[in-house]
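Each of the next two complexes has chain A plus one more chain, namely chain B in the first and chain C in the second.
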Partner chain A sequence: MKILVNTIDEVTVVILDGELNVDDSILLRDAFLKILKEGAKEVMVDFEKVTFIGSAGLATLIEMMQMLRKAGGRLGCCNINNSIRGLFEITKIHKLITIYENRALALKSF
Partner chain B sequence: MIDNIKSMEIIAQGFLQEQKYDEALKLFSEAAGSYQDLGQHQQAAMCFALAAGCYESKAGTQSLYYYASTYYAKAAKEAEISGDFEYASMMYKHAGICYERDLEFVGFSECFYLSKECYRKSLVSNLFNRKHSGTYIPILHRIDLPDVFRSIILWVSLSFSSLLWGHGERPLRTVGFGCFLVLFSAFLYTQGYFMAGGHMHRPNFLESIYFSVVTITHIGYGDIMPIGFDKGVAVLQEFAGIFIMPLFLTALCRKYLRF
Partner chain C sequence: MRISETMPSQLELIDGFISSLMVRLFELPMNEDIAFYIKLALHEALINAVKHGNKMREHLAVRVDITKEDGQLTIQVTDQGEGFDFKNIPDPITPENLEKLNGRGVFLIQNAMDKVEFADHGRTIKMMKSL
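For the complex of A and B:
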């Protein structure tokens, strides 16, 4: 999995590319800890190029959301395809993390 | 082993998309068991939640909410073990909803109570516990005073609700709380004076218990009158009594009239 981090209008955008599995979740967690140490408060994860997300990936997202909230920030997700949206709804993660249709809408709301 | 679980999840998600819920839930619960063996409780919680979701999706046509609630409860338990109390609270809540749909009110009652308890723990965990972060977050960065106050007030009220009537699911706690109040007030009465039959005296413990029960139940025979300090205690006890009786009756009806 490739993880690209950008900052747009004080929002840190994490662009994921590939499958979010057990090993990739560790990479994502490390990248996120780095972002947090740098003082990021508003973080958005772009799922446009994510083809699969496993339970480890879902668990990492919840952990990220909690860490960010402890730091006084918030986490959003955007560009989620239907199958991943289905997983979010089944596991009820959509009630914890705000989901946006696309990046532009997400940046506008942040 | 991890590769095995990984492929199990990929296949299960495929089944889920094809709406083959039986096959999907079998694989998800198997994956959850494997994660449990590995001690990865958060992942196990997710897999149990996915299995519960499969049962819930199937339950549209059959009465399978009971099984869905069992899996939601398992997911909640795993999330609780991993220290993720907020997710645990949400899973218990959904377990409760599914139990209610299946008219399984004992399960609903237990899950409702556990959901509230986990939420209470999550408030403390959000304020103090940094176990999950594994990193240093600057303290000034963390503090958001209105949020901290809101969390503290919510925690205090939930703790009081838990102690007083177990969030409406433990009526015996109200009886226990009432008994404690009677005994504690009786002890305080022994520190002051009563007026009975035109004589002022320091009451013994038995007489104080009698007066305490008469006061908390609002009977008020008038054979004994508290004086000075005891008058203040009596007023506070009467005030508490106004709330304890209805709370006990509400909790009792709420719990037992469901059956």
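For the complex of A and C:
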């Protein structure tokens, strides 16, 4: 998986490209810990190029949300495809992490 | 179609193992959604077998048997661990469990597949889906 980090108007945008499986969830966690250490509070994960997520990826997102909440920040996700959105809904993770239709809408509301 | 493969209990091998199985499964007629859910079920069943079943003991194997008969795909994943109480799996979507980092695997499998059964004290999970 490729992970690209951009900062737009004080929001840290994490752009993922690939599958959020066992190994790549660890990569995402490591990348997140680095940006958290650098002081990021508002984090948006862009799923436009993510084709798969399993429980390891879902757990990483929950952990990121918890760490940001503790730091007084928040986590959002955008550009999620229908299959992945379905998983967010059946696991009720969409109640923990706000999902935005696209990046523009997400940045506007952050 | 009939596939039987084994892998050692190493988490870092799961992604590659699934990819090699999916290449063969893509020979079957299935749309993107069904492929996503089959991959998800395999992913979760293998993590459970390696992590919770065989408890990461590398010398213990995980076996995957896949058959397709009369439009039904059956995937069976078997570990060599001590088994588990599959009748008392906590519900991951109750408020007290919602933020837990573990415990979603079987729930995801049950949602991804049409039918799920356990055998041999939980060492084997049998997952079925119509194609």
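Throughout what follows, the second predicted complex is superposed on the first by the 110 of 110 C-alpha atoms of A that agree within 3 Å, B and C clash if a C-alpha of one lies under 4 Å from a C-alpha of the other, contacts with A are read in each partner's own complex, and residues count from 1 in each chain.
As a working rule, a contact is a pair of C-beta atoms (placed from the backbone, for glycine too) under 8 Å apart; a residue touches a chain by one contact, two chains touch by 3 or more.
From a predicted model like this one, the values you see are computed outputs, not experimental measurements.
Peer 1: With everything superposed onto chain A, say whether chain B and chain C fit together or clash.
Peer 2: Superposition result for chain B and chain C: clash.
Peer 1: More chain A residues touched by chain B or by chain C?
Peer 2: Greater contact footprint in residues on chain A: B.
Peer 1: Just checking: does A:Met67 make contact with chain B only, chain C only, both, or neither of them? Give me first, second, both or neither.
Peer 2: first
Peer 1: Determine, under the contact definition given at the top, whether A:Asn21 touches first (chain B), second (chain C), both, or neither.
Peer 2: A:Asn21: touches chain B and chain C.
Peer 1: According to the stated criteria, A:Leu36 is in contact with first (chain B), second (chain C), both, or neither; which is it?
Peer 2: The answer is first: A:Leu36 touches chain B but not chain C.
Peer 1: Which one of 20-28, 56-64, 128-136 or 236-244 is the stretch of chain B that crashes into chain C?
Peer 2: 20-28
Peer 1: For chain A, give the residues common to its interface with chain B and its interface with chain C.
Peer 2: Residues common to the chain A contacts of chain C and of chain B are 21-22, 52, 54-56, 58-59, 62-63, 66, 83, 87, 90-92, 95-96, listed in rising order.
Peer 1: Please give the residue numbers of chain A that touch chain C in the complex, ascending.
Peer 2: So the residues of chain A touching chain C come out as 19, 21-24, 52, 54-56, 58-59, 62-63, 66, 82-83, 87, 90-92, 95-96.
Peer 1: Spell out the residues on chain A that touch chain B in their complex, using ranges where they run on.
Peer 2: 21-22, 33, 36-37, 39, 41, 52, 54-56, 58-59, 62-63, 66-67, 69-72, 83, 86-87, 89-92, 95-96
Peer 1: Would you pull the chain C residues touching chain A in the complex into a rising list?
Peer 2: 11-12, 14-15, 18, 32-33, 36-37, 39-40, 43-44, 47, 92-93, 98-102, 104-105, 107-108, 111
Peer 1: Where on chain B is chain A touching in the complex?
Peer 2: Against chain A, chain B makes touches at 2, 5-6, 9-10, 13, 16-17, 31, 35, 40, 42-47, 49-50, 53-54, 56-57, 84, 86-87, 90-91, 94, 126, 130, 132-138, 141-144, 147.
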